[in-house]
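Following are the structures in question.
After this come two complexes, each holding chain A, first together with chain B and then together with chain C.
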Partner chain A sequence: MSTSTAMLLAELAVEALVLPLLLVGILRTLRARLQKRTGPRILQPFYDLARLTRKSSSISLETGPVFRTAPAISLTAYLLVALVTPWWGLCAPIRGDLILVIFLLATARMAIGLAAMDTGTAFGGMGASRESMLSIFVEPTMVLALSAAALVSGNLWLNGLAKPSVIAGGSAYVLPLAAAALWLAAAVETSRMPIEDPVTHLELTMIHEAQLLEYSGARLALLEYQSALKLTVLYGLVAQLLLNELVIREPFERWVGTLGLILCLVVAAAILDTLLVRLHWRKLPDLLIFGLAFSLVACLLAALRG
Partner chain B sequence: MNAFDSLLGNLLLITSLWMVGITAISTKLTLYSVQTLAVGSLATLVGVAHHEPALVFAGVGVFVFKGIAAPLYLAHLTQAVGCRKDIGSFIASPLLLLLSAAAVGGLFLFHPFQQSVPPAALPSIGVILAGMILMVSRRLAISQIIGFLVLENGMFFFTVTIPHSLPLLVELGVLLDIMAGTMIAGVLTFQISDSFEHIDILRLGNPRK
Partner chain C sequence: MSDQPSALISPIPLENVPILQLRARLKTELSDGNRLGLLTAMSSPNGSQIISLLVQTLSGGVRVLISQLPHDAASYASLTPDIPQAHWFEREINDMWGIRPLGHPRLKSLVIHDTYPDNLFPLAQQVSPALMRKRNNRAAYRFSVVQGNGVYEVPVGPVHAGIIEPGHFRFSCLGEVIENLEIRLGYVHRGVEERLTNCDWKAMRHVVEAASSDTAAANAVAHAQAIESLAGVQAPPDIQRLRSACVEIERAACHIGDLGGICNDLGFGAGSAAFAVLRGTVLGIAEMITGSRFMTGVIVPLSHRNMPAKPLCTAAANRLHECRKQLQSTIPLLLQNSSAIERMEGMGVMKHSLAQDFGLVGPAGRASGIDYDVRKVFRLPEYDCMEWQTPNLYDGDVLARAKVRATEATTALDLASVMLASVTPVSAPESVVELPADSAGVGIVEAWRGELIHLILTNSDGVVARYKIKDPSFNNWTALAVAARGNLLSDFPLCNKSFGLSYSGTDL
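Up next, the complex of A and B:
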């Protein structure tokens, strides 16, 4: 391993460990301020994580190994996604194609869903059922949006997204459309407002959170960190698509641009969380179909362009 | 057809398909206004570049009347009649959105009638298709008018981008027709809503109801 690769890995490790929790902290504080509440400190997620790690974990006797291993499996899947995608603006240290990324995301979702059903509680099963129904919309959207990006950049390796030199003369709306679709999918994955109330305590309206109700202690800490990482990586990928439209070539500029765009998306998420109300469960397909249609049109335009 | 034209064509196509998927009238009018302003400015620019005063005139006309006045008037109508959303379409609009995206995709990929339709005209054909879908699928009269206007946008974009020397009188005639059509449709909608207290065309079948 050369020195530059080691440097890159170290930088990625620092960024993947610190940035997600920082972003979640910023999101929560900003949302509280927008709602005229004082809100938590920006660094509160770090303290929460430390507190959860120290606490002991209570596990129901009815659960099997699936429940115990699911947090680790899903976190590992997301760490791998963070390793194979250029979400932070620079080339990923490990080469991976978009099929692998979709597979890893599905693995994480499956692990959590199985764990939720493993507990045998009504809310867990309901959450798993809802989450898997939403994934009917999310997965094709992600596949198509990333395929459109792959068609534009000319290869299935997502690292192509970090090398904009191959994308000459704009993308004729392909990348903005794909970014919009991916952003919608990210809103579902990270349970943001029009889809799900991220701060709700009412189990009946929960989708993703309902699956995590039984977790406590260190396992909950893993899941909290996983959801923060998920937010960062998905927003990072959206930022890559948008940055390629702007054709920014210098690695440092791309890195700064990515950070800025991720921050913009977080601010937008805080504002939308404040402004919007949760959609009725049966109205969700009306919204999510737009992600599917946008990514489909993006794919078509990309195919025509090539 | 240059890159700018194809960018605009894609914008038109995206906004038209977007309109197929939504039910809120005001959002639809905003999207329609955006695409019409884009078409109007394109026509003006093309006219200036090719020194065709008639095209400049047509472009400015589209920009002012169809891009600003017609949406404002239709928004006023919507307010006056008091319908903010489509009360229903013959197919659920999300499904329709996917179907029309697939239809446009099929149009692009298979490209029928290659002798008469050049590849550059495909986006405008797609817009015309989306306009037709909008027209036939909605039950609300205002939505059908918007569909008709989108269809007309597609036709105007087609005539502006493909042959620059087409008789412009025809285009102006189309423009005037559309304005008249909008006005008449508006007045009719008003009348209908005054006399029947709804603008759902399904319920117009039996006037005695």
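Up next, the complex of A and C:
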């Protein structure tokens, strides 16, 4: 392993460990301030994680190995996504294509869904059913949005996203559309308003959260970190699509640009969390179909342009 | 005007009605514009008695019907088949007194749980630790079962994720749709009514304020009214005005708090925060005039503790007026927000005809076209201070309830402000009164959830033999269970919040 690769890995490790929790802290504090509350300190997610890790887990006797291993499996899947995608603005240390990414995301979703059903609780089953329903919209949206980006960059390797040199003369709306679609999919994946209220304590209204109700201690810590990582990686990918539209090539500029865009998306999430009313469950497809339509149009435009 | 004695001060008419004629009699009375205020039981030397309290909604009076059961009789013909609003009252009588309403369509325990010993009737017998240790042979409670392909049950509670009272909700769902909801309460039984018959009347006020603590002021006022009605004396008009102002402040604070709760259940953070701030301001004004944010410890029979001075009342009145302006600019956040309206419209509908059958009270009733407000029916003199209307809508959905509560909160701030501005401090002695024998005292208040009734009955020694509190939630719980049907599971919290019922008030 060359020194530069080692440096890159170290840098990625630091960024993947620190940035997600920091972003969640910023999001929570900002949301509280927008609602005239003092809110938690920005570093609170780090303390929460430390606290959860120290606590013991209580595990229902009804559960099997699926429940016990699911947090590790889904976190591993997201860590791999973080390793194969250029979400942080620089080339990924491991080469991976978009099919692999979609596969990893589906693996994580399946692990958590199965674990929720493994608990045998009504809430777990309800959450898993709702999550699978939404994934019908989210998965094709992600496939198509990333495909559109791949068509523009000319290959299926996602590292192409971080090398805008291959784009000649703008993307003709392909990338902004793909970015919008991916952003909407990310909103579902990260339980944001108006799809799901991220701060609710009402189990009956939960979608993703309902699957995690039985977890405690270190396993819950893994899941908390995983959801923070998910938010960061997905926002990072949206940022890459937008940066390519702006044709920013210099690695340092890209890195700074990515951070800036991720922060903008976090601020937008805090504002939307405060201002929006959660959509009626039956109205969700009406919103999610936009993501599907945007990504489809992006794909078509990309194909025509090629 | 204000010297005119209240309808409750002249002795409450007591009438003996043979138990066999009670059902027909009540049916006639209810069709003549009367309301079944409450139905309960008490023990007397000659056997148990069924007590019915009728509220004359047209003329603003109260009557008490007493039906003697034969000695050792432990059952009577149920009233519910003809009078649906007696449904829960009869289940309660069955639980607490062991008097079985024969022919009741859905007789099962209301507040007594499976873990208690068999044949435990908390109000009919002395409950000793030895009795509670007895072996438990009680038949298990049976929830209504919905059968069919794909129907599943979601049990929620009694321990909830938020800091709220305990209650168990059993949803039978088909997919995301609620086919049936059964609500099981009774997790907070504290023996309030039992305690009230065992203590001196001067100590009672501490107990009644804890009956349902978010309705502390209304409960204290109803208690004061009941004692005064029993003793045949009336508190000075200024004290009555101050009491009513307290009840209105409580109404405003609770409605504003629940409007914030509705925003919260919609996931609408900005609205939730705005209403929460406003509720805090109103509670601050309550503290200013009573020394307590929940106005406990000052409303007493015949008098008022720590009467606020005139300048303080004026200052509080002005601050309430300021609050009202803020409320008026906050309500549109929720009620002129198209996406919020879309979520609330047509959800959790309570039909007018059903609302009438259940005897719905308060804002939930007024959202379903039940035009019943204790303040209007009993024409309290202090409410003549300004022109005001109670809202009356017919849609019966979450939106209608939110609208009614928003309007009532605004009116309550107006009323409280005007009343406080005209309060002149008076000193009234907490004079010692002897309670008359064989009489009834009634306190009836429009609490923020609706009609709240306190009924006191004395025995031949002038000792309180029965103290019954009827919380407004007691009438409305069934309505919530019915209104939830056909809605989505994820919409239930919103529907629940629009009713905003009390668990502890139902379970004394």
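Operating definition for what follows: the second predicted complex is superposed on the first by the 306 of 306 C-alpha atoms of A that agree within 3 Å, B and C clash if a C-alpha of one lies under 4 Å from a C-alpha of the other, contacts with A are read in each partner's own complex, and residues count from 1 in each chain.
Keep in mind that, in the parts below, contacts are C-beta pairs under 8 Å (C-beta built on N, C-alpha and C of every residue); 3 or more make two chains touch, one makes a residue touch a chain.
Because the structure is a prediction, the values reported are computed rather than measured.
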Output check: A:249 vs chain B and chain C. Expected answer is one of first, second, both, neither. What do you get? neither
Between chain B (first) and chain C (second), which does A:123 come into contact with in this model arrangement: first, second, both, or neither? second
Between chain B and chain C, more extensive residue contact with chain A: C
What is the contact status of A:202 with respect to chain B (first) and chain C (second): first, second, both, or neither? second
With both complexes overlaid on chain A, does A:37 touch chain B (first), chain C (second), both or neither? second
Residue numbers of chain B touching chain A in their complex, please. 3, 6-7, 10-11, 13-14, 17-18, 21, 93-95, 97-98, 101-102, 104-105, 108-109
Where on chain C does chain A make contact in their complex? 152-156, 161-162, 176, 265-270, 272-274, 277, 337, 339-340, 342-343, 488-493
Chain C partner contacts - residues on chain A that touch it in the complex: 31, 34-37, 122-123, 125-126, 193-194, 196-197, 199-205, 273-282
Seen from chain A, its contact residues with chain B in the complex are 169-170, 172-173, 177, 285-286, 289-290, 292-294, 296-297, 300-301, 303-304
